[in-house]
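Chain nomenclature is as follows: A, B and C, assigned in order of appearance, with residue numbering initiated at 1 for each chain independently.
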Amino acid sequence: MSDAITFNGVSKSFGPREVLKDISFAVPTGGAYVLLGRSGSGKSVTLKLICGLLKADAGAILVNGDDITGRDSNALAPIRKHIGFLFQSAALFDSLSVGENVAFPLRRHTNKPDGEIRDQATAILEKVGLAKEFQTMPGALSGGMRKRAGLARALAMEPAILLIDEPSAGLDPITSNEIDQLLIDLHTNQHATLVVVTHNIPSARRLATRLGFLDDGHLIAEGTPEELAHSEHDIVREFMKSQQAG
Amino acid sequence: MPIATTQPPPPSVLQSFMESIAAPIEWFGGLCLFAAQAIRECFQRPFEWTEILRQTYQIGWQSAPLIVLSGLAVGSVLSMHTRATLERFGAESMIPTALAFALVKETGPLVTGLLISGRVGAGIGAELGGMRVTEQIDALESLAVNSFHYLVATRVLACVVALPLLTVLMNFSGLLGGFFAEATISGMSFPYYFHAAFGSLAFSDFIPPTAKTMVFGFLIGTTSAYLGYNASGGAEGVGRASTQSVVLSSIFLIVVNVVLVKFIAFLFPVGGA
Amino acid sequence: METTKKLIVGIFVGACLLLFGIGLFLIGNNIQLFTKSFDAYTDFAKITGIQNGSKVRVAGMDAGTVTRIDVPARPEDKFRVHLRIVEKLHPIVRQDSIASIQTDGLLGNKFLQIDAGTSSAQLAQNGARLPSTEPFDWGDLIDQVNGVVKKVNVILEEVKAPVLLAVAQIEAAAHSADKLIKHATPEVNGILASANKISANLNEIIDGVQEGQGAVGALFKDKEMAASLHRSVDNVQEATVDVKKVVKKVEDSDIVPEVQKAVKNLQHITAQVKDAVEKFQSDAGEGGVGENLQRTLADAHEAMSDLSDNTEALKHNFFFRGFFKRRGFYDLGALTAPEYQKPSFGKGFKKHPIWLTTTELFQTDAKGLETLSPAGKTKLDAAMTEILQLPRNGPLMIEGYSGTGVPSQQYLTGRRRAARVQMYLIERFHLRPAYVGIIALSAAKEGVGIVSYYK
């Protein structure tokens, strides 16, 4: 089985601050990779690098075998069509209704008639439990609903790779569990490759086939949840023990 | 015993001066590249018709009431001032002509440009700034959409299209406002007024000043989009982008206008029909 | 994007473009872009601010624009101004329609005015040349004045010679008449007085002109100025219509015929007088001579009086007036007492009065008439010796006073006394008669006052 995502000695700085230092890891196709780490350890940056939203300063990033480093927006588009990205803040388009947010990628990348697109968007919204909110504007939604709407939009193109930034941050445990369940379903039923950034260890344990731990720009530990629970690093063991972090 | 420290030497005066002027130059260079990219992207497929239309609606149509009202007010005020001056020479019949010259040649385009840089410049700066800090621009990119093409090029293009249209609207509502003021005082007839207003204008008095507002539109669009698109720092950053959009696009507009007026005078010497 | 938004944007863009179109149309209409028109051209040496796009008006109506101006290749060529004129006004643009450059109001732009032609002239064809008048120029006006001055000079030169000749003839005639008719009839005296007066008047006119007085005199004097003006205004080649008008005015004015008439009259009269005198000499021995002579002399007297009136009128003519104005009087003989007593008389002159009583001057003869006594003549000689010390540039006024009898009697007596003194003084001291005036004044005293005016 080939790797969906490969990081090869990737570094990234913002001004004088070095966020990632020579990171290398791989996510196999159909795998579920969870990135752990303290706040500001570079987890979200890693996700954005995968999607090409940020450019790596050094190293190579391969998505489905294609090197994406140095590509501009237009060159990235074919790859991005197969990637779904759920942002931490959901990043719904304020000017469009929830339904239109979900329909947006469909309208742009398919030639389907309007009715069909609406049906499809409604179906996806139904999956995340927001079928009734098609006409609602994003500003009127609660945090959890936004997250689910964002997930619906990320799923709209049935991506092969899903990048999820903090799926449960700021949500109550029940909603958080629902979202986790959605992701597990996607993973098992559609064989999507998942890359999830989270602080929520129970959630991570449920989702992950593999975990990585970022600290101070270094990937200091990688393995199954069990392996990480017995890591040589105190901070990793400490982290894995906590029931609820962040 | 004192502890030996290895601090970097303090920066020299020259160095700090160079740094302080380097930042604005760098910023300006960025703006120029941004503008160049905007021009390039405007002509690149696919054309975002829906978005262009939506922006034309917002920038053009939604500014129309502002322009019409301002035009009426500016026109009537100009007319009153013109009357006060020309009355002394007994040249009241020149009022429509003088007003038309003032409005069509300079006041109309410039006031339109400034009003739109206020309304639309702030709007674009805030909107794109907001989208940037709430990751909506990233979201667009993640959905395989070229955000520059989709957000910036469309807005710049809409500005370039809307400005001349709004200028025409401003000119006519200004003349209408002038007519109302004039008709109230002297009872001048509508046909005479408009005949006299256009009586001494040449095409070179009407077309180039109207067309130059395309440049105004481009300046407003690119400056405010640049500031919004590259905003950072949360809500405060958005506010800063919005304010700077108005300030900078207004300044650029006024300064570039000087060049444009000279350029038009060079292309169309006085009296050329 | 909803359909309504698309609709609104469509309406908005359409409406603005429509307004733009209306603006274009109104301007295009204004410069007659969409109206049927024809072309013409005209030439100007100076275009004084006319430029491409300047308005063209036919008989005051907006009619088109200047489309092109060709710059002359050589200095002596003219600017060629091409025009486009609306077809509507074509019927009144004729081949004799004159193009000129005018200013629109006090502060306005220059525009090209084309006068309506005359109906006898043919229509100006498309591409025709229209005649033009050059814009008004002060330099041209001065040049015109210069032309007038020259013309007037020529006229005066023509007039001067016959006048002088006439004067000489009169003097000759008067002289021979004087010799022949020692004790002539009052008519002869009248003729002599008139002849004297005529010759004096003409002399005065000519003196005045030569001294540079009066309008014509000024022109004489200003020859140098005119010449320098002429030099400075060196660019006018042809006399304009205006110049011709001004010159014509001078030619049409009464000056030339008036002078010529006077001179002709003079020569005629002089001839008559000479004739009469000769006849009188040849017919001396025959009986009918006295009557014949009387009639002839009466005719001559009348004619001479007319002539003296003519020359008198000439002095008041605009062209000669200045000299007499400056002198302070036109004719002392016509002076009335109120005029004399006005402060304006003798203004600018100093006065030297001498008072002589009746008893000092006069003796009464057998008929009861007052004549100058030898003692009186001595007195007058003494008075004149005093007066002749003074500059002789003003009139000498002899005032006759009489306080006896009714006012008319007083007047006559006073005037007679003054006249006796005047005649004696003119004869004895060869005074210029025109400068010696008499005036009767009533006052409660008897005598004669001699007032010398001088500067």
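Rule of thumb we're sticking to: contacts are C-beta pairs under 8 Å (C-beta built on N, C-alpha and C of every residue); 3 or more make two chains touch, one makes a residue touch a chain.
Note that the structure is a prediction, hence the values are computed from the model and not measured.
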**Study point:** Dominant interface by contact count, named by its two chains
**Key:** B-C
Revision key, fill the gap. Chain centre (avg CA) closest to assembly CA average -> B
Practice item. Taking each chain's centre as the mean of its C-alpha atoms, give the chain farthest from chain B. Key: C
Exercise for review: Indicate the whole-number Å distance between the mean C-alpha point of chain A and the mean C-alpha point of chain B.
Suggested key: 41
Check your understanding: Just how far, in Å, is the C-alpha centre of chain C from the one of chain A?
Key -> 114
Check your understanding: So how far apart, in whole Å, are chain B and chain C when each is placed at the average of its C-alpha atoms?
Key -> 73
Review point. Among the residues of chain A, which ones contact at least 2 other chains?
Key: none
**Study point:** Interface residues, chain B side, partner chain A - complex
**Key:** 130-131, 134-136, 138-149
Study note, to complete from the structure: chain B partner, complex, touching residues on chain C are 1, 5-6, 8-9, 12-13, 16-17, 19-20, 23-24, 26-31, 51-54, 62, 65, 67, 105-107
**Study point:** Interfacial residue positions of chain A with respect to chain B in the complex
**Key:** 48, 51-53, 73-74, 76-78, 80-81, 83-85, 87-89, 91-94, 104-105, 108-109, 153-154, 157, 163
Study note, to complete from the structure: In their shared complex, chain C is touched by residues of chain B numbered 50, 53-54, 56-57, 60-61, 64, 89, 91, 104, 161, 164-166, 168-169, 171-172, 194-195, 198-203, 205-207, 210, 270-273
